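These notes open a run of structures that come right after.
The two complexes that follow have chain A in common; it is paired with chain B in the first and with chain C in the second.
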Partner chain A sequence: MEFAIKFAFDIMAFTSVMVLIVLGLGVIASMMGIFNFAHGELVLLGAYTVYVCDSVGIGGWTGVILAPLVVGAVGLVLEKTIIRRFYATPIIAMLGTYAIGLIIREIIRGLLGGHYKAIPEPLSGAFVVGGLEFSMWRSFIIATTLAVILGCWLLLTRTSIGLRVRGALENPMLARSCGISTGRLYALTFAFGAALAGLAGALIVPLYALSADIGIRFLVQAFLSVMLGGVGTFEGPVLGAAAVGGMAAGLPWVVSPVLADPLVFVIALAIVRLRPQGFISVGRL
Partner chain B sequence: MNGPNLGRRRFLSSAAALSAAGWAGSVAGGMVLRPNWAHAAGAIKMGIATDITGAIAPSGNANWQVAQFAVEEINKAGGILGRPIELYLEDTASDPKIAVGNVRKLIQERKVDVVLGGITSAMRQAIKDPIVNRGKTLYIYPQLYEGQECTKFLYNTGPTPAQQCDRLIPYLIKTLGKKRFAMPSANYVWPQLLNKYARKVIEANGGEVVFEEYYPLDQAEYSATIGKIKDGKVDCVFMTIIPPGLQPFVKQLYESGFQKNGGALTCVYYDENLLNYHPAQEMEGLVSCLDYFQAVEDPFSKKLQEGYAKRFPDTKYLFTAGSASTGMYRGVKFYEAAVKATGGKLGREDVAAALDTAVLTEGPGGGAQMVPGHYHAKMNMYIAVCKSEGGKTRYDIIDKASMVDPREC
Partner chain C sequence: MSVATGAAARRAPGPRVRPRSILPGIEWSTLAVLVATPFVLATRPELVTLMTNILILSLLAVSFDLCWGFSGIMSYGQALFFGAAGYAIALVGRDLDFSQMWATLPLAMLVGAGLSAALATFLLLGRKTPTSIFVAFGTLTGAYAAERLVAGWQYVGAGNGLSSIKLMAFGAYEFVEGVAFYSVALGLLIVVYLASRVIVRSQLGLVLAGMRQNEERLAFFGYRVQVFKALVFTFSGAIAGLSGALYSYHQGFTGPTNLGPGLSTTAVIYCLFGGSGTLIGPVLGTIVVELLSYVLADTDAIKQYWTVILGVVLLVVVMFQPTGLLGLVVSSRERIGSFGLRRRPR
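== the complex of A and B ==
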């Protein structure tokens, strides 16, 4: 029983990390049809914001709160200046966002001198329940992830903004003729996705230490999650991320870790082959 | 960026300029550092091929700075038998494919007399052929590594598995009383071969290897491994995971209470840089074994650190053992000693013959001595334990072994 609880906690903790990272990517891919290859670097910017706050001494919590705001603002500027030129050409958008990501990544690599920086958890230590120790920060990540998923879902399904976003997604022409400014909606959606990436970066950086590659190491798995869950829905990428995260954490228990890594892809691709429309195909947002 | 020699820094590529922050560090056309005086017979040309950009850049830049520092010292003291050393840098860019072309430039265009550099084993394997075989040039490799490099005209100036394990493992078993070892490792050549050697030493000393396991280099989640460490009642983790997979492992190990419950974590490439890769509390009690730590306080090592700090004030690239900097310093000095012994002859055969028996009376962590016919050097080895106090970490030296044999070739 003890083992089962610990096991479940570890898998939940890592799955939450995956979901947090995928959420922003999924929102942008689903709502706008843009595969944002700079997503890893938006995560990196969130992590870097925490590092800057930490090193000027205004505390890790300030960084965690600032990160989504800063990265959201960066996302807004990127959308206004660059991304909006790519809506008609999704393939070029991939290359364009990849280039943006490369620039951000290498600038930060230079600022860090290529080194890694340890970031302390704003909430460190562990709490004990029934003789079992649980890391405070990992628990905080799990809780935040659940809250963010709930918040996003309510925003998209229960508010008028959500209604307009869904309308713009379903039929942009009709939405525009109804007086919805799809351009503004897209800008806000991209900024929102970027802010989620920033939050993810801020939350995971104490676990992995800051380096220029902190975002990119999750990027391929994140894309896999979106593919697995299905583009065009909100729940799809979340479920996809949960599946990929769960497999990545769970498989090393049964097979050698070097095998586990490719096995995640093999299984995921097999599922995609069987269900090319993703997990969720009815009741799209 | 100061010092008299730097005024003469010349960038051969029109565009290449090292920016103040250190990135865009494109040395695309290579770079020459000339002495500020000349000699009738011309300068001795020393080529440095190291990773100025890419993933290994922190170590590569430290190597380049240490090479400059050592060469400037030699030139200031009158050069080698009156001839100054001219330094040529080529970036190996942490990428063997790029490196081979750039190293060829050192050999064919610059016609250097010796090449020092390469940090990873993959890099050494890639550039040794263009240097030693096709280039017919002497090669000195500075990094601690997995051993078994016995190529003629290739001299290794960093520690070998024997030097890192022969003293450390008996210390872990006999002094600390650890018996059950786990070997979590990154999946590439250095951990594989080092573990093979370490396993022999562990078993010879009455210890037991509970599991040896390899991970993708960027693995992010280790709960399965932590589970095995707990279930196997492991009391010593002999780790060879490298960044970026390193930090999540160390954090999860720490969170599992392994150290708190008396377990020992040991890793033989941990120098002063690596301590900054983790929160201080996770490093408490870490055992490392290297040819030099900054806590080694012999007068010469102290003087070296002071000189380096003066030459590169506030540098991000420290003079440490794990980044191959000590091997680089030793390599430059070994070459100097060898050329002195040949009476100034620079032919490869002559210098190699002299290098084979070269002795350094002093260096970082003490002197060193080539083992004739074995292409490796005897050197002092230190065991250090990390102490963490008030969020700061430091190494305490707890054991010194003098002139440890490399036991290679």
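== the complex of A and C ==
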């Protein structure tokens, strides 16, 4: 029983980070119709921000707070200069965003010098509830994710910005003719998605070793989650992330770890193939 | 003469003048240069090795071009077929002690074709038409999963890969790096090039061109678009397999990175830089990119960020020059070309 609780806790921590990544990818995909192949590298950029803050000595906490801001700003600049040219051609956008991802990844690889870097948890230690130890950092990850999800939901359903976003999502043409600047909304959406990716990177990096190649793993997992959940919904990607994250964390206990990682992708891909509309097929946010 | 009168002159009725075609000229001169290379470089064996590598990689670039440039499948999985075939011939050499090229190269093509057919069946065929984004991500996922799987599999050497692969042989003759291997690579490239050319200029190629333009309309005409895509994908997988086998024989080594998305990306860069949608484009792209990287590799500052530069080049090409290097000299009309049997002009 103790083991089961600990296990569920670990899966939840990992899944929370996936939810953040997937939320960013999903919101960009459903709003602008393009899949951001650079999303994994935005996660990497967030992780790298924490590493830089940690190594210059201003502390991991500053890094965790800075990461979403830095990555969000990078996302905004990217949208203003490059991404907006691709809205009309989603297929070409794949190539363009992939090239952006490649550039970010290789710059960071050059800066890291090809080494793996370990970053200490800013919040170390554990607390005990009912005789069970829980890691502080992992609890912080879960709490942050819940706060972000709640914040997003309130923003979308209770504010006028959220109303505009929903309008632009439902019918961009009509929204434009009502005087809503969809261009500005798209820029904000992209920056927001990027900031979520940056936050996710900052939260996950103390648990993983930082290397330039972590991006692609998150990209593939996040994409499968978005497809599993269905594009254009709010709950869908979250559910998908939970499914993929749970599988990724749980399967290594069942089959050998070497086989588990590819198997997650194959299973998820097969489900998506058989049910392309996702778990939740109604287009609402 | 002002611009306005120039435009008027172009619109003036009269006998249609066929624009001079440039592509055959480019193809022939590339061939001439490639044939002359071993004679020119007779005193520099390391450059012949480099050129052999380039020829082998341009096979991979051509295979990607058949997917993207001719049938609109964004495949990040070409390296999967490339690497799998490389592993197949390495294992045949190691476990069966056999490396006769008349058997192993067809085997490699079969491995590539088999894998790509399986992937195509899974991703493309079926009752529900997949989105092109899903296909792109599917191939990326396949390549990534394969890289992870191989990197952890002891039987195929795990992360270290397989080294000292048995040399490619024909009868008693063994091919080492050098002019002989170069000739084999060039010969195979020419064969593949001609075969691809026949395919993309045939009636099948016309269907592919229509598919690129408007997939939905072709479907309404009654063409089973996904089947055509799957066919081309399988063919390109066979070419990628051939390329992978030659690459492994030539390097004497194969590793997990040969299977992964990284190498697929390189193929994408070669093809788009040279000019997708033409067959000679990817070949030229491979030659230019690889020669540049060879020349620039001496400078440490550039070498470290060479991949970044390639990424920027890819981005610039995608944004501003989607037809690539060749698009600068070849008109779109000639790029798309004509199809079927050549008819005598009336």
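Methods note: the second predicted complex is superposed on the first by the 278 of 285 C-alpha atoms of A that agree within 3 Å, B and C clash if a C-alpha of one lies under 4 Å from a C-alpha of the other, contacts with A are read in each partner's own complex, and residues count from 1 in each chain.
In this text, contacts are C-beta pairs under 8 Å (C-beta built on N, C-alpha and C of every residue); 3 or more make two chains touch, one makes a residue touch a chain.
Note that this is a predicted model, so its numbers are computed, not measured.
Asker: After lining both complexes up on chain A, report clash or fit for chain B versus chain C.
Answerer: The answer is clash.
Asker: By the touch definition at the top of the document, which applies to A:A126: first (chain B), second (chain C), both, or neither?
Answerer: In the superposed model, A:A126 contacts chain B only, not chain C.
Asker: With the two complexes superposed on chain A, say which partner A:F218 touches: chain B (first), chain C (second), both, or neither.
Answerer: first
Asker: Counting only touches as set out at the top, which of chain B and chain C does A:R166 meet: first, second, both, neither?
Answerer: A:R166: touches no partner chain.
Asker: Taking the superposition as given, does A:S135 touch the first partner, chain B, the second, chain C, both, or neither?
Answerer: A:S135 sits against chain B, while chain C stays out of touch.
Asker: For A:E106, using the defined touch cut-off, is the partner it touches chain B, chain C, both, or neither? Pick first, second, both or neither.
Answerer: both
Asker: When the two structures are overlaid on chain A, which partner does A:A248 contact: first (chain B), second (chain C), both, or neither?
Answerer: After superposition on chain A, A:A248 lies in contact with chain B alone.
Asker: Give one of first, second, both or neither to describe whether A:I11 is in contact with chain B, with chain C, with both, or with none.
Answerer: A:I11 sits against chain B, while chain C stays out of touch.
Asker: Using the superposition on chain A described above, determine whether A:I92 touches chain B (first), chain C (second), both, or neither.
Answerer: second
Asker: Go through the superposed model and pick first if A:K117 touches only chain B, second if only chain C, both, or neither.
Answerer: In the superposition, A:K117 touches chain B alone.
Asker: Which of these chain C stretches, 1-9, 289-297, 307-315 or 325-333, gets into chain B when the structures are overlaid?
Answerer: 289-297
Asker: Across the two complexes, find the residues of chain A that touch chain B and also touch chain C.
Answerer: Of chain A, residues 106-107, 109-110, 217, 257-258, 261 contact chain B in one complex and chain C in the other.
Asker: What part of chain A is in contact with chain B in the complex they form?
Answerer: Touch residues, chain A against chain B: 3, 6-7, 10-11, 14, 17, 106-107, 109-111, 113-121, 126, 133, 135, 138, 206-209, 211, 213-214, 217-218, 248-249, 252-253, 256-258, 261.
Asker: Show which residues of chain B lie in contact with chain A when the two form their complex.
Answerer: Those residues of chain B that touch chain A are 19, 21-25, 55, 57-58, 61, 187, 213-216, 218-225, 227, 243-244, 247-248, 251, 255, 257, 273, 276-279, 316-317.
Asker: State the interface residues of chain A toward chain C in the complex, per the touch definition above.
Answerer: Chain A reaches chain C through residues 35, 82, 85, 90-92, 94-96, 98-100, 102-103, 106-107, 109-110, 216-217, 220, 223-224, 227, 257-259, 261-262, 265-266, 269-270, 272-273, 276.
Asker: Enumerate the contact residues on chain C facing chain A in the complex.
Answerer: Spelled out, the residues of chain C in touch with chain A are 72, 74, 122-123, 126, 128, 130-134, 136-138, 140-141, 144-146, 148-149, 152-153, 261, 265, 268, 272, 304-305, 307-308, 310-312, 314-315, 318-319, 322.
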